[in-house]
Structure formats: structure tokens, C-alpha cells
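The two complexes that follow have chain A in common; it is paired with chain B in the first and with chain C in the second.
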Partner chain A sequence: MEKILFYILALIMIVAAIASVTSRKMLRSVIYLLFVLIGVAGIYFLIDYNFLAAVQLTVYAGGIIVLVIFSVLLVHHIEMELEMAKLSKKIITAIACLVGLGVFLATIYSTNFNVVENSKTTTVEDIGRGLLSYDAGGFILPFEVISVLLLAAMIGAIIIGKGDKLTKNDDTL
Partner chain B sequence: MNITKNIHEWLFSLMPETTASIVEMVLIAVVYLAIFAVAGLYLVLLERRVAAWFQLRLGPNRVGYQGLLQTMADALKLVSKELTGTLKADKFLYNLAPYFVIVTALMAMSLFPFTKELHAFDINIGIFFLIAISSIGVIGILLAGWSSNNKFALIGAMRSGVQTISYELSVGLSLLTMVLMTGSLQLSQIVEVQEKGGWLIVQGHIPALIAFCIYMIAGTAETNRAPFDLVEAESELGAGFHTEYSGMKFAYFFLAEFINMFIIASIATTVFFGAYLSPFGITENIPLLGVFWFLGKTLLLIFLMMWFRWTFPRLRIDQLLVLEWKYLLPLNLMNLLLMALMVLLGLTIQF
Partner chain C sequence: MIAGISIYEIFTLTSILFFIGIYGFITRKNLISILISLELILNASAVNFVVINKYLYPDVLQGVFFSIFIIAVAAAETALAVAIIINLYRQISSVEVKDTEIMKY
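Let's look at the complex of A and B:
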């Protein structure tokens, strides 16, 4: 049963990924990418990482894809098509992709994977305690560093967005 | 429940295990699809009757007793209608868009505990899963607006995107405020906490009440209903993102809108009002009555949302965004802190 589900998900993801890079319509590529991301979430569900799967759905499928669709809506017209690349570029890209694929396959086939006997569902409570604990194996430092990074990104976005209105005395806002 | 248990045993005795579980899943999905369709149709009828009541009219009352068959007839008419589309529409995305909206709504439906036993999918991240699913639904609306190659549809879709992304925050945060009291995201455990200590809105008194108000405002905005229906503002945009849809495809969007309202009300029922629990435990020894209490509370909340719709005038887009980012969000964050403090100090009301 799980095997069948895995193969169905894998097939969807591979087909969607190929369609995503070959499609000449921008929004269609984005939607194929969405299918790939949902497929990844499905695989997380399959291995019982429920929380990670929901994060994948919220952040990637719900957040990033919506933003990408938004920017496509702003800059792209429905009749426009992406141009085809030159032959030389195509060949170089194909070689690069094949090399990358080769490296991946070689690594995967040279590693011995251990089969985990008893799969256990990670609960949200475990994740929360892990994120906020400062004992060994806790993630409080990376957690705090990421929040500082996000704050910096937000301030940067506000400054770029407001432009020189910040320096001038602007009493409209 | 006994019936489901009997069917389960009968299926597994009849077939090999894998087939039986697949058949079981399909059966559950079909049952939920039927609930989905019936609930959607009758909510449309309810909306029309409530609207008529607020406007001192009669509303649909000719087809069947008190117009009960009116929306069924409408649905039959929609099925028989011709499907039209614009010439240069992106056909693939145009046809795909309604399914995004419908499938996400259907997935969310499966999580609600109608009674203790009638609960299809009790995942341990319950509420978070609901929020994740509802954030995907907006993609359908964006796609519908873009692919129909119509400027009004496009503007409607853009507005919908802005609105849903903003108000999702408030929905999530106000639910998180309540999760602080339960200590679990799983819906069955949330109900269990309420079974022991009273409904969460009573347990958490002031902050819970604030969270409920914010949740209802944000929920109304997320379902794109008036007074936040800028997405399909009739006077300026035609019908918004589904201007170019006709027949059954239009009906999908229409049904999904009402089901989303049902979902928002159901989440509120589960998290704030104790899901299937009866007030003061008066029918505690008849578990089947849970369905009645659940649907009763949900319908009351739906009526509240309809009341909003026929009472308040529509907001402008800048007012909408100011309301979310300058009022609801800071209020929500402060409320979250207040609730955390209260839970820490043990100031919640316990029975």
C-alpha cells in the first residue's frame, strides 16, 4: 500500500518537475512546481512527519507559490510565452544536469541505508521543546539567530518599499 | 459507531486487506462528498431566506415546502447549462482552478469531530493542518482570475490574494491563543480539554472573547464575504474572479464559498464552543445527539456571518488592509501574550 502511494507520488513529482522546466507559459510552470511541492508534502506525510508536511504546505505551497503567482500576475500577460534558449546553451545545461544527476545517483547507490524498525510520529510538543531548549541537542541559538535575520529582512523591505519618504518629513503616513 | 464498525468488519472479511482499506477510504470520501453537496446547497437556500428576512421580503418559497427544493432545482439547471469560456483563456489552468478550491474545502471538512466517534481524520497537528489547507485554496482563486483573460477577473483575483494572505495571520494567531489553553493541536484532544473544564470561551474569559471576535472578523474576510467581498464587488468588478465561469464550474466556486463559511464556523465551534458537547452536559449519555449540538452551534455562527453580510457596507481595499495590519494584528499579538500570562498564572476559569 505504502509502496504504491510512494510510486504514485514520485511519478507525479517527476512528471510535474519536467513539465515545469519545459513549459513555455510562465504561470503553468509555477503550477507544475506547486504539484512538485505538494508531492514532497505527501512524502512527508507518508513517513509520518506530519508537522513538517504541514509546514511544507503552508510555507512553500501556500506562501511562496502564492507570492510567485502574484508577481507573475503583475508582470506577465496571458499571451506572452517564454523564449527558447539557444542550442549551445541547451547543450551546456543538459551536460550540467547530467553531471549533477550522476553525482546524486552515485552517492545514493554507494550509501547503505539502514531501515528504521519502529517509525515513531514526532509530536508538535517534541518539536517545540527541541526548538526552545538550551541543553545539548537544543536549537535555541539557531532559532534566535533566524528571528534576528527575519527582523533584519523585514526592516530592509520597509526601507526599500518606502524609498526616500523615510528621510523626508512626510506627514501623510 | 456501531454501523461504521459493522461495515468495517464486513469489508475486511470480504476482501484482502489492501483492497478493503482502499474501498473503505473511497466510501468515506463519497459520504463526505454527499455531505458537502447537501450542506452547500442548503446553506445557499439559508442565505437567500436570511437575506430576504433582513430585507423584509419572502425569498424563495415556491419549490417544495417553504422552498426547500429551490436550490436542488437550481443545481439541476446549472448542470444542464452550456460551459462557455473566453477565446484566449489558458484552458488548462482555467479548468484546473475550480478543483483547487473544491478539493481544499473537502479536505478541511474531514477533520471535524461531529461526535466522539464520527471523526474521519484525527491527525495530531489538527488545527495547523486546517490552516495549511486553507492557505492553498487561494491559489485556485488566483488561477481563475488570471487564466480567464479578463481584466475584472484579474483585479478580483489580486484583491483576493492580498486579502487572504493578510487575514490568514489573524486566523492563525487567534486560534493559537486558544491552543495555549489546550496544549495540543489535535482536535479530539481540544474537545477533551473542554469536556473536563468547560468550553474554552468560558475557560479563557476575556482573552478568549477577544480572540473569538478577531477570529470571526478574520474568518469572514478569509471567505471573501461581505463586508469584505471586494473580490467580487458587483458594482465595480462584475462578478470578480469567476466572471468568465459558467454552468457547473461557476457552481463549484459558489458551493466552495459556502462550504468555506461552514468550515470557518465549524473551526470556531470546535475551538471555542466545545464541538459536540452539550451545554452543561444535559445530553451527555446520548452521544449521537452530538451531531445535533455540533450542527446547531455551527448554524448559529453561520447565521452570525450572514447577519454581518446584510448589515455592514463594503470596506475599501485600503481600509481592509489598515484594519488587519494596524488593528487586528497588534491586538492579536497582545492578546496572545495576555493569554500566555493567564495560563501561566492559572487565572483561567476551571469547573
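Let's look at the complex of A and C:
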């Protein structure tokens, strides 16, 4: 059952990813990306990391996709078709990517992984305790740094987004 | 872990997603499309962190934490990039890469 689910998810993700990077309509490309992100959340659900799947759905599918759709609507006509790269460039890039993929897969399949059989469920409590622990292996410092980074990104986005008006007001003061 | 699915199959899936992202990153000529390809690449690597955590080291949670940090950094990066793109559109009325010669104003 889980095997079939995984293969369905994998198929949806690969098809949607290819459609997302080749579609000529901007908005469709964003919606295909949404399918890929939901597929990733499905993989997280399958390997029993429910909290991560919820974060993926809320932050990516809920936040980032809406942000990108808004930016598409602000800078494009909804039916505008994208300019595509030259066919020769596409073919060269595709060949380079396939060669890279071949190298990756050859390396992966020649490595012997020590897989530990387990069916552990991670609760949100474990993740919270790990993130906020001061002991060895705790992640309190990166957690705080990330919160400062998010604040800085938020302020930066506001200032860049307002841009002209804000700096003009500064000059008059 | 997923019953009946080996770690190799998941790595194959994430590698394919990663290289589709790279293909889009190189061939697309629009800033927002490049951002979309970037999301694909980041997601593929985040899945790898989680899968390695679950299959090889099930007793620790480091991979999950790194994935959470990747998601947070990706959110910050997307917000900033969208702000830059909208500001750029105000200045030069275009978001094509070839028109983006200067970003200083």
C-alpha cells in the first residue's frame, strides 16, 4: 500500500516538476510547483514526520506559493507567454543535467548504506525539546539565529518593497 | 521508514527533482521562473536530509532540524527576492534577466 502511494507521489512530483520548468504560462508553472510541494509533504507524511509535513504545507503551499502568485500577478499579464531559451541551449542543458544525474545515481547505487530497520514515530514534543535544548546536540543557538534572520528579512523586504517612497521621505526629514 | 521502499529509490527521486530544478535554473529567462526552480532544488535537498535521518540514524533528529532551518531560510529568501523583483519592475518595467543590467538606482 505505502509502496503504491510512494510511486504515485513520485510520478506526480516528477511530471509536475518537468511541467513547472517547461510551461510557457507563468501562473501554470507556479501551480505545477504547488503540486511538487504537496508531493514533498506527502513523502514527509509517509516517513512519519507529521510535524515537518505540516510545516511544509503551511509555509510552502500556504505562504510561498501565495507570495509568488501575487508577484506574478503584479508584474505580468495573466495570459502572457514566456520567452523561451534557444533549442540548442535547451538540448545542451538537458544533456549536461542528464550527465550530472548519471554521476549522482552511479555514486548513490555504488554506496552501501547501513539502513537501520525501524518504525519510530517522532512526536512534536521531541522536536520542540531538541530545538530548545541547551545540552550537547541542542539547537537553541541556530533557532534564535533563524528568528533574527526572519526578522531581518521581513524588515529588508518591507524597505526594498517600499523603495522609492521611503528614501524620498528620508531626504525631506 | 516507508515499507517496501529502499533508500535508493528515494535518492533517485530527489536527484531527478534536483536536476529538473537545475535545468529550469539555466534555461529560464524570467526572474520569477528562476525563483521557482530554486524552490525545487531546495526542496529536493530538504527531503534528502529527512530521509537520511530516518533511514540511517533514526535515534537522532538532526536531519529534521536542518530541514526546518532550510524551510525557514527559503521563506526568508523568497520574501526578499519577491520584494526585489517588484521593486525592479517599478524601475525598469521588466523582470527578464537580460534587462536586469543594473540593480543599483
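We adopt the following convention: the second predicted complex is superposed on the first by the 155 of 173 C-alpha atoms of A that agree within 3 Å, B and C clash if a C-alpha of one lies under 4 Å from a C-alpha of the other, contacts with A are read in each partner's own complex, and residues count from 1 in each chain.
The definition used in the following text is that a residue touches a chain if its C-beta (ideal position, glycine included) is under 8 Å from a C-beta of that chain, and two chains touch if they have at least 3 such contacts.
Computed from a predicted model, the values in this text were never measured in an experiment.
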item: First (chain B), second (chain C), both or neither touched by A:K120; value: second
item: Which superposed partner A:M13 touches (first chain B, second chain C, both, neither); value: second
item: In the superposition, chain B vs chain C on chain A residues touched; value: C
item: Touching partner for A:I160 - first (chain B), second (chain C), both, neither; value: second
item: Partner chain in contact with A:G62 - chain B first, chain C second, else both or neither; value: first
item: Partner chain in contact with A:I43 - chain B first, chain C second, else both or neither; value: second
item: Contact residues common to both interfaces of chain A (with chain B and with chain C); value: 51, 55, 63, 70, 72
item: Of chain A, residues touching chain C in the complex; value: 2-3, 6, 10, 13-14, 17-18, 20-22, 26, 29-30, 33, 36-37, 40, 43-44, 46-49, 51-52, 55-56, 59-60, 63-64, 67-68, 70-72, 74-76, 82-85, 89-90, 93-94, 97-98, 100-101, 104-105, 108-109, 113-120, 122, 126-127, 130-131, 137, 139, 142, 146, 149-150, 152-154, 156-158, 160-161, 163-164
item: Residue ranges of chain C touching chain A (in the complex, touch as defined); value: 1-13, 15-24, 26-30, 32-33, 35-37, 39-40, 43, 46-47, 50-51, 54-62, 64-65, 67-69, 71-80, 82-87, 89-90, 95-96
item: Footprint of chain B on chain A - complex, ascending; value: 1, 25, 27-28, 31, 34, 50-51, 54-55, 57-58, 61-63, 65-66, 69-70, 72-73, 78-79, 121, 123-125
item: Residue ranges of chain B in contact with chain A within the complex; value: 18, 21-22, 88-90, 92-93, 96, 123-125, 128-129, 131-133, 135-136, 138-139, 142-143, 145-147, 149, 154, 157-158, 161, 165, 183-185
